[in-house]
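In what comes next, chain A is part of two complexes: it sits with chain B in the first one and with chain C in the second one.
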Partner chain A sequence: MSPRKVWAIAKKELKQASRDPLTLGMLLGLPTVMLLMYGYAINFDVRHVPLAVRDLDKSRESRELVAEFVNSTYFDVVSDVAAGDDLDRFTERRIAKVVLLLPEGFSRTLERGGSAGVQLILDGADANTATTVLGYASALVGAANVRRIQARAAGRLDLAPIDYQPRVFYNPELKTTQFLVPGLVGFILMLTAVLSTALSVVREKERGTLEQLRVTSLRPSELIVGKTLPYLAISLMATVLILVAARVLFGVAVRGSYLDLFVATVIYLIGALSFGLLVSSLSESQAMAFQVGMVTSMLPAIFLSGFIFPIRAMPQLVQALTYAVPARYFLVVSRGIILKGGALSEYTRDMGFLVLYASVVLTIAYARLTRREV
Partner chain B sequence: MSSVLEIDRLVKRFGAFTSVDELSLHVNEGEVFGLLGSNGAGKTTTIRILCGLLEPTSGRARVLGIDVAKEPERLKHAIGYMTQRFSLYDDLTVIQNLRFFGGVYGLKGARLREREAWAVQIAGLEGKQDLLTRSLPGGWKQRLALACAILHQPKVVFLDEPTGGVDPISRRRFWTLIDELAGSGVTLIVTTHYLDEAERCDRIALMHASRLVAYGTVHELKDVFAGRVMLEVACARVLDGQALLEREPGVFEATVFGTRLHVVVADEQQGRRQVTDALTRAGLAPVAVERIVPSLEDVFIHCIEAEEARRRAS
Partner chain C sequence: MHALLQVIVKEFLQLRQDKKMIPVMIVGPIMQLLALGYAANMDVHDIPLLVVDQDRSPASRALVDRFTGSGYFDRVGEEDTAAQVDPWLVRGRAQLALVVPAGFGGDVEAGRKPQLQMVADGSDANSAVVGLGYASRIVAGAGAEIAQARLTPALRSLRPGRIELLPRVLYNPDLKSRWFYVPAVLAMVLMLVTMMLPSMAVVREKEIGTLEQISVTPLQPWQLIGGKLMPYVIIGLLDTLLITGVARLVFGVPLHGSLLLLLALSVLYLLNTLGLGLLVSTLVNTQQQAMMFSAFVLMVPMIYLSGLIFPIENMPRLFQTVSYVIPVRYYGIILRGVFLKGSGLAMLWPEALTLLLTGIGWLTLASLRFRKRLD
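For the complex of A and B:
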């Protein structure tokens, strides 16, 4: 392989890319836009749930419990419900998603050491949100109970208070964006790397320049490396942009080593770029390459990688399919490095699969692209 | 004169379809060789085999002594090829295209700069180096494509329909360029379906439906009518006239040429009389007859019809 010839191809690719703001924009801008869109849109967190309160007790205790809900920032009190009001009205007209009912005698029952009832009425139309809200409410009431027990224990029985302090590791606030960013990196890189190489090769097929190149003394390996390197560089730049955007917009920092992340990303990208070459060898037109590339890279990277749907929850057959999806392995590694601060050496199995994927796909693509017409 | 290209019983099949059937010919050094035929006659397939892009089904082809099927990589250093569409990068400038192809051919340093300057000069693109190739008129693009294809100074150059879609003046300029190259010792194999271009070739081969049907210098080919005379006949209802004359004894061939007939007879005086009488008797007057020199087109029509007759017979 002659580095001079590889460089001639790579330089040409870069010049063409720089003359084509649409493609360059797609490669560099789209990832960030997608991060924004998905980052804000795919958000399973529930905050500021509209809450209506009917406090018939109007005691210090009852107000404390309501304050507990408000201070959590998960709930906003939108309305006070008077004694005779129709409760359905609030949920039906969607004034509030949740109604908290504190009965008369709430504080008195508590004083007596009895268990006072609190009622929560929940709009269950959006099951996901309802489940989450229910979880929050239970946790808040639970926390209030804990405090009461502690106070009582400290005051009367001198028992050690139950120190209930749940802790969540890696993503302490259980924020979905945190969890999604590594997945997005995998998905976006897959998409742009596959499409950019596939389109750049098929464009030459369409224009007839590939035929011209094939009569030159250029080796197929020189052509392939020369065509892939610029897109590898551009994809790495896109990765940096995504990471910066994730940091600035969502506060997601890389906890592990940047070098580890770089190595993992490069290996993942080599697989994706090779897959793009394979797509180009199967397509005769740019439109076809685009479609094939979209379907075969985007869909598995979203649905079969564990990005959104956990692999363990999939049917057996689909689980088996996910082994052929490189985004699956990259997701494990990138989540590990970005969120947990893990080292690459902890992920030898997943990295092994990524290397295997890249070598198999590159071999097939190479064989298909260099085969002489018969 | 030594031959730089030898084709011996070359066959190329795509499934059941035979694209090139038992083609044998040779091309001499420094020659401009024309490969003619209609679309689908097998010209491009032949060229692609000779450039090492396609593997022949059987038969042999050697270019500069290199077997094209066995050593396609060695072959590629020695030849230049300009594909049907001028395969340049539209979104690069003139000089970027030249540098790119130079790089791909492995040219560097002083040699690259010298070849670039040469290419710009022969393409007539001085001062236009920084224009986007997209913005160039067809004739310039075509000369630039040729310059790119021969930057590495190959001894043999294949041009596949180099003048498609180019205006007549540019076509003439292009042929002057071809003649200059041939004068410097380069062998050129050109496919075309323009007959005026065929007339400019040293020798030509005509392919029809995968087979070679005529082969030689223009002068030799015109010899198919040797000893016979071609008459151009004007009459009413030329199609009826043709049907009539084809059955007339002493008429070898009668072909429709636009609004006239081209008729081959043995003797001018006797032929004139015979044709005039037969057409007048059939009520196809007024009749005008003139002796003409057969053109290359007449030769090709003759060859193709003879080939079709042979096929029908077998």
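For the complex of A and C:
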């Protein structure tokens, strides 16, 4: 391999990329935009859930319970339900996600020492929110019950007999941005590396310029390295941008060593770029390359890597599939280095898989691309 | 009309010529659906738990058993001191560590307040929240039992009364998160197939130069546009049927409303996606740009801000306002309404009307720009 020829191809590729500032800008700017979106828009904290109330009892007790729902800041009363109203309308029209019904005789039953039922109707269409809301409501009602007992027992009873101290390491406030940054790096790199290499090769195929390059004195390895190097550089720049944005906007700092992170990122990128080459050898058109790239690299990097959805909650078969997703290993390493301050030596298993993935995919892609040449 | 038909046929022929494209249009959506349907699940079980039992009393063992017996936790190891917890969490071998300090059992018996510590790995905030939620529920249960045991007969006669919560969950009684995500896939797939692919197809003709050739034929611009977009309407509707079928048969998501209504309202959504796709094709020059633009400037923000995956109420005001101009917001409401709530047009007409109007708006805007470029 002659470095001079590799550099010539790389320069050509860079020139081509810079002539398309829109795409280049998107490749570099996208990570930051996604980080902003994730950082500001995505919030797993459920608050201010719209609540409709029907209080048929209208007693001090019933008003107190409603007040407790409102004061928790989990619920906002958006409407009062009149006696004859069709309850389903509230949830179906999405006026409220939750309807709280206090029956007549609520306070009287409580006075007698009996058990007074309170109905809570939930819109289950958004199952995640509904699960959380159900948890809030049970906690609120539980707390109300404890207070009733304590009021009567006048301090003679400790109802929380265990001093329970949960502590969270690495991300004490459980901030979404913190845990999303390492995953986002993995996802964005997959995206830019696989798609940009695959598309740039297929574009030359479509235009016939690949043929022209093949009849030059270039060796296949020179052509391949030359074509992928610029995208390696662009992807690394995108990584730096994400890290800077995460630092400046959300205060997420890299706790481990930058060198470790760099090494892990480069190995991960080699795998991703090789996969892009493999996709390009399978596709005849850019639309095709894009679809194949999306389905085989982008989707798994989001859904099967543990980035957003925990791997342990998946069915066995899908869990087995995740072993073939490099983002899974990169996520463990990048979370470790960025958030936990771990060293590369602590993740030998995951790094081993990344090296294995990169070498296997590179070998296959290389074999396919050179075979076509003959 | 005949000319329109010819353009449609040409477009289909072109799609078929790219032989691998048709399976991609079918396989892609199915893969997306399976990935989301199977992977999108927050109900974690078997969270790897490290146990540090410094007390080794019957009470501490009973507490540890409560954790391991709950099904939520999987005991992966044991250590003697709390200082040894960190390496387990750094390597990711444990997600949570339960630390029972010495003296726990003694405190319980003596009626004092025993201490209990829980350490969570917050680098995966989602799982940590879920895990801590389970843990606090288990600890609360243990605490209630201790309190119960200490409750003297005298106190029992206080009869404080009890408020009992009677929850009733509508539309998704088992609160399966899958039922929430699977209909969302339809909106995403349609965006991909009817926004991105047509924009690329138009730009491809631009790139190859055949758009020039067509523009000098006697075809009316509307025939050209209609003919180019129509195949995608058909493919989009086929994808709708396909995904609805898989959603019902594989994932058991009910379709309480009418399939016909779903198809009709999907067409209104397609007006928007096709309009936006055509608009993209007038803004860019290469297929790569078309793809990047529709994927990252349109699709990603639209998916995240539409409430399709992340509830709109949780977003900051500004994003909530932005979400009103996103067609997916309305289609998402329609999808969940028709699938889960069995809503009819009487309930969904505001969303349907919005989609119709914005769809016509986008298509008109795109066609005007498209014509200008042809002239």
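Just so we're on the same page, the second predicted complex is superposed on the first by the 249 of 374 C-alpha atoms of A that agree within 3 Å, B and C clash if a C-alpha of one lies under 4 Å from a C-alpha of the other, contacts with A are read in each partner's own complex, and residues count from 1 in each chain.
Assume contacts are C-beta pairs under 8 Å (C-beta built on N, C-alpha and C of every residue); 3 or more make two chains touch, one makes a residue touch a chain.
What you see is a predicted model, and the numbers here were worked out from it, not measured in a lab.
By the touch criterion defined above, A:G113 reaches chain C but does not reach chain B.
Shared-chain residue A:R247: touches no atom of chain B or chain C. By the touch criterion defined above, A:M34 reaches chain C but does not reach chain B. Look at A:K5: by the touch rule set out above, it reaches chain B but stays clear of chain C.
Contact with neither chain B nor chain C is seen for A:R368 once the two complexes are overlaid on the shared chain. Contacts of A:G124 after superposition: chain C is touched, whereas chain B is not reached.
Using the contact criterion defined above for the overlaid structures, shared-chain residue A:Q16 touches chain B, although it does not reach chain C. Set side by side, chain B and chain C differ in how many residues of chain A they touch, and the one touching more is C. Residues 20 of chain A lie at the contact with chain B in one complex and at the contact with chain C in the other.
Against chain A, the residues of chain B that register as touching in their complex are 51-55, 72-73, 76-77, 79-85, 87-92, 96, 99-106, 108, 148-149, 152.
For chain A in complex with chain C, the touching residues are 20, 22-23, 26-27, 30, 33-34, 37-38, 40-50, 65, 88, 91-94, 109-131, 134-135, 137-138, 141, 144-145, 148-149, 151-153, 156-172, 174-176, 178-179, 182, 199, 203, 283-288, 290-292, 294-295, 299-300, 303-304, 306, 308-310, 312-315, 318, 332, 335-336, 339-342, 346-347.
Interface residues of chain C, counted against chain A in their complex, comprise 18, 20-21, 24-25, 27-28, 31-32, 35-36, 38-47, 86-87, 89-92, 108, 113-130, 132-133, 135-136, 139, 142-143, 146-147, 150-151, 155, 158-173, 175-180, 192, 196-197, 200-201, 204, 284, 286-289, 291-293, 296-297, 300-301, 304-305, 310-311, 313-316, 319, 333, 336-337, 340-341, 343, 347.
Those residues of chain A that touch chain B in the complex are listed here as 2, 4-5, 7-9, 11-12, 15-16, 19-20, 207-209, 211-219, 372-374.
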